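I am attaching a structure below and will ask some questions about it afterwards.
By written order: A, B and C. Residues from 1 in each chain.
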């Protein structure tokens, strides 16, 4: 049953350029996908390692800026992608080493500060980043000779990347290392006593998160053909975090749903609503207070309840969810 | 060769001296009970032995190997396992998964990001076995949050035993249990084979005394009485500390 | 006056403003374990409100005090209506303050539009003053004096009054404080309001120097963050020392390495994080 649903979903996703209407919506779909890649990457830390980060847009931006600089320096796309991802991994290793000096709220604060440094560099180090003017690039890669210049082609490439990522995430979640990561989220003291190297586990999770964040950053660059300090501002990190939290951190689909929500709201709603930031903030506050576990688990819960209506209820206490993690 | 030797172990928090130059030697296969009133520093001593806390002064050796500088997570690999006074299990996971995590901690598999944990037949089988040893195999698939307190205490012990430790530290394993549950746990604990050296902290003397061979009495961070069971129980200092005589 | 002296004076001034801003942040974080990401918004809001009040005819200092009170009231509402519901869930509280900061920023944009607003220096202080044979802009001197005055007042509050003792107890050990009978939830609201007032007031008196414009909140918040991480949370001395350090780093950094200004600013913070995670004067690790 589940495989049928999965296959159907795949077909629907692959066929998007044909049924969605105009090129504008195909582009929105592409955005949803690479922001979903970003959100899933962040969820490795937020949902699975229990480490909330408010500076991940920094890594996102580093990938985009590195890619832009490499491309404009004349390198081919293969070098660009490899170089940008390498730079992002190095940065992620550095950020992780610094951020892991703190735990819980300390970690959040340090990631926030690091994110702001990256923004400050993007904004001020004009010779490196062109400051507020940003860096433009021209051209998208042509993997296997197929140009990604047209929106449907770019969409399919993004879809392919997204599918690879979500599959690898599913593997990671079910793996022993995935269990180790989740263990450090729930009981770090106990994990250490059981023989787990908690710091190293968190560090590696950060690298994994950084890698896919870099991928998302590159997709962003190729999509927009442009990168500016806007991409690394605090609002960018906050929006990314909102995607993860609104969708729900406990499932694979949660961040995807959250990404869809935020992107659609931003693109479509902002045509009608002037004050997008106000709405963003209000949604943030509302979700944190009323739906702490996110939309997807909430919807699943309601769905289960609807299905179980009529069957005798089990009265065993269920574990409380929605608790803020350390 | 001693199983565990602690020399001059000292630890302060702020201005409070919690562990005051403790000397302790436990022989292999021994069953040692550590008792003392609240605030005597018993759990802190355990935390120092497992490496969760760093001592201000002193040394710890495990089977003659100095582990004072060894990080906590490594000590598990050297053969130390413990249970906790306050239950610190994984509430959202099944009993089987809880014990599997315990086994995984000592296995190189814990770094594997590719294979499925559920499909690791050998690991899962060992976990089942560990649950069976504490009589909980029938609840293997139950989420921890849906088990009773007594069952959780047994899971704690299962998790520690699953790692086949050389030194087992039990921190108040009887706390909060009913009389019958205590007898079950006592039976469990006394049936642990002698290749495991067991050190227990307990507050409740009734059941713990049946377990102990030698007893160490801690008071205000120091060892005040030590010896065989009967001599410690009869000792005037013990009477004084516990009964204010 | 030589460039260095000017920079030094500006640094002390900025340090004074930052002290007022971060003392509140530090107290809120130290006591309630909430990194209040709305703090920058309080600063900006205070400045905007004062600008309007001054336009409506109030004099500078009355406007400053009144704006502070309005921001404090706003902060109190946030604490009572939103943050208290999430007591204990620190992460949720952080996110709520983040969301609120966006909301406040957008409302300010709507009400006061995007153009920077200059707050005029109060007439009495618009000249220069002579200290030790050197002339300084009177207003900047005044800010330093005000900052020192508040530092002393806050120290007296924390060290000499019963309320201060309760706050310090709460910072050291909230659970014990509760057991000892301290009305912790009332204390939280009070401290949050105090912090908000300080931030709003700082925004106003910073107005003549920084002006007020959209994005001011996003610029000031990281500075407060660096101060608290550098100086250690919950420590008044840490906030003072940290503020001065940041003030100097910011101004001298801008002047000497304009492209690396942010790096120069955050580098010491990172060093402190690596070497001494609880900050220069903090008590527990961050």
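Keep in mind that, in the parts below, a residue touches a chain if its C-beta (ideal position, glycine included) is under 8 Å from a C-beta of that chain, and two chains touch if they have at least 3 such contacts.
None of the values given here were measured: they were computed from a predicted structure.
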Subject >> Chain pair bearing the highest count of C-beta contacts >> reply: A-C
Original post:
Based on the averaged CA atom positions, which chain is farthest from chain A?
Top reply: B
Original post:
Based on Cα centres, what is the most central chain?
Top reply: A
**OP:** Go ahead and note the Å separation of the Cα centroids belonging to chain A and chain B.
**Re:** 41
Subject >> Centroid distance [mean C-alpha coordinates] between chain C and chain B, Å >> reply: 48
Subject >> Whole-Å gap between the CA centroids of chain A and chain C >> reply: 32
Original post:
What positions in chain C touch 2 or more of the other chains?
Top reply: none
Original post:
Any idea which chain A residues touch chain B in the complex?
Top reply: 171-172, 174-180, 183, 186-187, 189-198, 208, 316-319
**OP:** State the interface residues of chain A toward chain C in the complex, per the touch definition above.
**Re:** 52, 54, 98, 101-106, 108-110, 112-113, 116-117, 119-121, 123-128, 233-235, 238, 241, 245, 275-278, 280-285, 288-289, 292, 323-325
Subject >> chain C - residues contacting chain A, complex >> reply: 33, 35, 37, 82, 85-86, 88-92, 94-96, 98-107, 109-110, 218, 222, 225-226, 229, 258-263, 265-266, 269-270, 273-274, 277, 285-286
Original post:
chain A touches which residues of chain B in the complex?
Top reply: 50-52, 72-74, 76-77, 81-82, 84, 88-92, 97, 100-102, 104-107, 109-118, 120, 143, 145-146, 159, 163
